[in-house]
Amino acid sequence: MKFAVIGGDMRQVKLAELLAADGHDVATFALDKMRKIEGAAQLGTAKAAAAGAQVVVLPLPLASREGMLSATLSAGLHTVREVLSALSPQQIILAGRIDDASREAADTLGLTLTDYFEREELAVSNAVAAVEGALKIMIEETPVTLWRAKCLVVGFGRIGKLLSHRLRSLGAHVTATARSHADLAWIRAYGYDSMETGKLDGRLGEYDFVVNTVPARVISEARMRELKPDCLCLDLASKPGGMDFEAASKLAIHAVWALSLPGEVAPVTSGAIIRDTVYNILGEKGMTL
Amino acid sequence: MKFAVIGGDMRQVKLAELLAADGHDVATFALDKMRKIEGAAQLGTAKAAAAGAQVVVLPLPLASREGMLSATLSAGLHTVREVLSALSPQQIILAGRIDDASREAADTLGLTLTDYFEREELAVSNAVAAVEGALKIMIEETPVTLWRAKCLVVGFGRIGKLLSHRLRSLGAHVTATARSHADLAWIRAYGYDSMETGKLDGRLGEYDFVVNTVPARVISEARMRELKPDCLCLDLASKPGGMDFEAASKLAIHAVWALSLPGEVAPVTSGAIIRDTVYNILGEKGMTL
Amino acid sequence: MKFAVIGGDMRQVKLAELLAADGHDVATFALDKMRKIEGAAQLGTAKAAAAGAQVVVLPLPLASREGMLSATLSAGLHTVREVLSALSPQQIILAGRIDDASREAADTLGLTLTDYFEREELAVSNAVAAVEGALKIMIEETPVTLWRAKCLVVGFGRIGKLLSHRLRSLGAHVTATARSHADLAWIRAYGYDSMETGKLDGRLGEYDFVVNTVPARVISEARMRELKPDCLCLDLASKPGGMDFEAASKLAIHAVWALSLPGEVAPVTSGAIIRDTVYNILGEKGMTL
Amino acid sequence: MKFAVIGGDMRQVKLAELLAADGHDVATFALDKMRKIEGAAQLGTAKAAAAGAQVVVLPLPLASREGMLSATLSAGLHTVREVLSALSPQQIILAGRIDDASREAADTLGLTLTDYFEREELAVSNAVAAVEGALKIMIEETPVTLWRAKCLVVGFGRIGKLLSHRLRSLGAHVTATARSHADLAWIRAYGYDSMETGKLDGRLGEYDFVVNTVPARVISEARMRELKPDCLCLDLASKPGGMDFEAASKLAIHAVWALSLPGEVAPVTSGAIIRDTVYNILGEKGMTL
């Protein structure tokens, strides 16, 4: 089978290499800063890379800023529209975290984009990598051990679940928050302390770490005022984030907003996960690899 | 507030005691084999117990066999209909795992039953107790340790999740199965090996334990033939169960069908969980306790 | 190589079968209640079984009551002396937990006994099995879950270490005790709460489970009076044990003294461990298998 | 009680603050780069700081290079001899990892030094911090997740034990090595795979991470040649270390030698541990605090 892998970061490079290692024909574009991608052709235009490909894999996220293709490993600048124009409706086109503008552009061109970031299997594995990145930050940004530290994990979605699990294993005292009685029961079933997300007020003063995983302004200025002076605030929520960083700055609270951790700390594992997810998607479309 | 607690097993006894300890007025019926229920009145008829109660808690499950109230701690036999007839539409009536016949009987009488077993927080905590019961059986029914044993957990719902977690902690090699790519990803994220539930054929020969948690005939005779002679088959699925016990008997496979584990191994914890769930339900109905 | 396996319980049976499966020549005596031991000869006298054997494996423990061979699977009664008399100084003779009287008897006969129970690798693996047996008892003897239970583990030797590890994994709140600062530091390093064994007084009232692992009278009557009425006391220490069972009985405290758990809950695993240990001993004596 | 805290890094600063917070009188020297040490006096000479102190705490390690006091937070250079000359035989003098030259210097001056690094409770807690530092390096220096990575931990001492425990919790496949049958049994009891340290040859090719914890040249050039090209070698052993870094460089193997991790990643926790250890030592000397 022929694949085109266009734009993105080290994850896409690894994806291209893995697809090639599996015996597929692979062409790339907009990964030109790499001197070599094992087994894959590096071509000069999207059109050349996409020519003859049954499957085109675009980056995660598809667009970096509105309209621009994510392409940290390309010396050039490329618009999403320019890349999409090189593709055809006969191709299976996969991309991650597709924004509205890109989807509209695709519609106009008669292209159907499948968002592989919406696949739970990718999101879960991605969360594993994000959690390792979070642990790294928590270890390096504070002068205390995670062991015996009091950690508050706000939200019990994918990242909240895995982070709580890992932190407890490292000897931290974990309190996780959730909104539903069901999630609160799960929190307790796994052995953590539970707290309702809506009832944080007045209960933040004892934590060494507060990690937010929900995309809502959970840690407001009023709540920051409750924190111990040496508490580390770590925000893992995607934009707009859940912490008032201006207030943190004003109050001299150490606050870190960590985005894109999987691509940063584990591009190889992440590339392998994208490969698996791509195969799953193709398998469900009835294609044999 | 006044509660009536009617029928059931030690979980209901504990529930009655806990409600009384919280300062509520509690009357019971059909728990007459108990010499004493701390803080609660033991009355001779459902009507007497229910008189004046705002909330009536019926057992889990509500009916033992069709039409009969679950009441292992009563010397008498009571029909569900007889008990329901003693209640009024003004009362909040809670019961567990309500069968169709009982629900119809309630409808006829103009009563609304709320099934507390459908609450996720109860189901999760219940799963914790069931899993401990399963571990006990796995330890006592085999001459091997769980440590270093190869365990296959079929299904990754509540019980599958918690059982995998506990088994791995005890040093077992855990393979868990699921149908969706998403659940398979979760299985791997927690560090277990994964297998698709639909692809068990030919892969069952290496396990020391096979534990089924899904309510479907997963372990058929053909699959039992694959098992090692000393493999323990444990079925935790509710009726109709997931194992062919006739085949097991024919093939001299050691197979155990364990039902009602929470009430058996942890009635006190289970009673406390029912109490919490009852409070959650009442809270959501706007009642202040 | 030729082995004689004499006396004992299911562990010895399994040992005999495993040695045979490894291609050795195996004869047994005093396992006559077994209809069949796969691959091994079942002979009618110790002399016959031992004839020509380079290695003789006697049971763990060697003697059941003073002077008598442990032999729960024999219809007959056999003295240790009678069995030893059938052996020769040229043979390697292995036995478990050798008592003074048996060792003297051996000396008189010019025989050297090697105690395989003194091998750390056997003791550790044995502790794993004992701990699983303890968990089983803790689950079945109480109406509460281990999950969220408060557990006090007295002593941080092999069993204390592994029991604390397993209990915490099951969601219990674990406090372990030790005498040295070093062990107390290890207890905390693994994430448990620590308490000095010498400072239990006045601090026992909050536990749901008290498990003793040290062979000294740690849980005296005075301390039992501190316990919650529904606390389970489990004594895993070998004789003379660490709990005042008379006091427990007087105070209606639920106390269990569990001995010989490995042979009971995991004879097959235990047999395999004895086999491995026997091989290690022979290897260190320069024998090639 | 009066304490003098002299030299060292952030751990000593924290120690001084904690002692002051406990109500002791604290003077420091050679921590002059700190603008403020909460509750403690910062004096200009060792003599002034030590004047009247019952207890003097010197740094861990005592000497940085032969003869020089460890004092990364001092603008000046100080010899160990100069500092020792300011002390008196009536004082309790504590120091960490005392080298031979320093001990001789103390002897000459009639001073007795107690090495607090030899205390197991400090060493264990120190190992916890070192392991967190190791995890941080393993996450940040490789493009793969620890999750599902194959990790070889060479040596099963304090750090080997805790690192294996933490890695497994993070979802890694852990193989730990040891020399004795006893330690190999412990490795398996905790659920890791075991390998004899003496039998590494020919078995290193499958690992993503090789972490050495033993102070001996375990990972020689010949063994490095066996490694996968993208394997991370991490050496946690103190000098002379256990890896051939020259060979690593020649073979383009990614090798990291991480020393002093506790002081680097967790000075506050480490300071608290030193405080606890100091108290334990004083308690054993019969001093009441």
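Going by the order they are written in, the chains are A, B, C and D; count residues from 1 in each one.
The rule is simple: a contact is a pair of C-beta atoms (placed from the backbone, for glycine too) under 8 Å apart; a residue touches a chain by one contact, two chains touch by 3 or more.
Bear in mind the structure is a predicted one, so any value in this text is a computation, not a measurement.
Name the chain whose C-alpha centroid is farthest from the C-alpha centroid of chain C.
Result for max centroid distance from chain C is chain A.
How far, in degrees, do you have to turn chain C to put its CA atoms on top of chain D, rounded to the nearest 5?
The rotation relating chain C to chain D comes to 180 degrees.
Validating interface symmetry: for the copies chain A and chain C, is the fraction of residue numbers used by both over half? Same or different.
The interface of chain A with chain C is built from mostly shared positions.
With centres defined as the mean C-alpha position, give me the chain A-chain D separation in Å.
35
What is the distance, in whole Å, between the centres of chain A and chain C, each centre taken as the mean of its C-alpha atoms?
50
Check each residue of chain A and list the ones that touch at least two other chains.
128, 147-148, 171, 188-190
Show which residues of chain C lie in contact with chain D when the two form their complex.
Within the complex, chain C touches chain D at residues 119-125, 127-128, 162, 165, 180-182, 184-186, 188-190, 277, 280.
Contact residues on chain A for chain C in the complex?
That would be residues 147-148, 168, 171, 188-191 of chain A.
Per the contact definition, I'd like the list of chain B residues that touch chain C in the complex.
Per the stated touch rule, the residues are 10, 14, 128-129, 132-133, 135-136, 139-140, 142-148, 166, 169-171, 230, 265-269.
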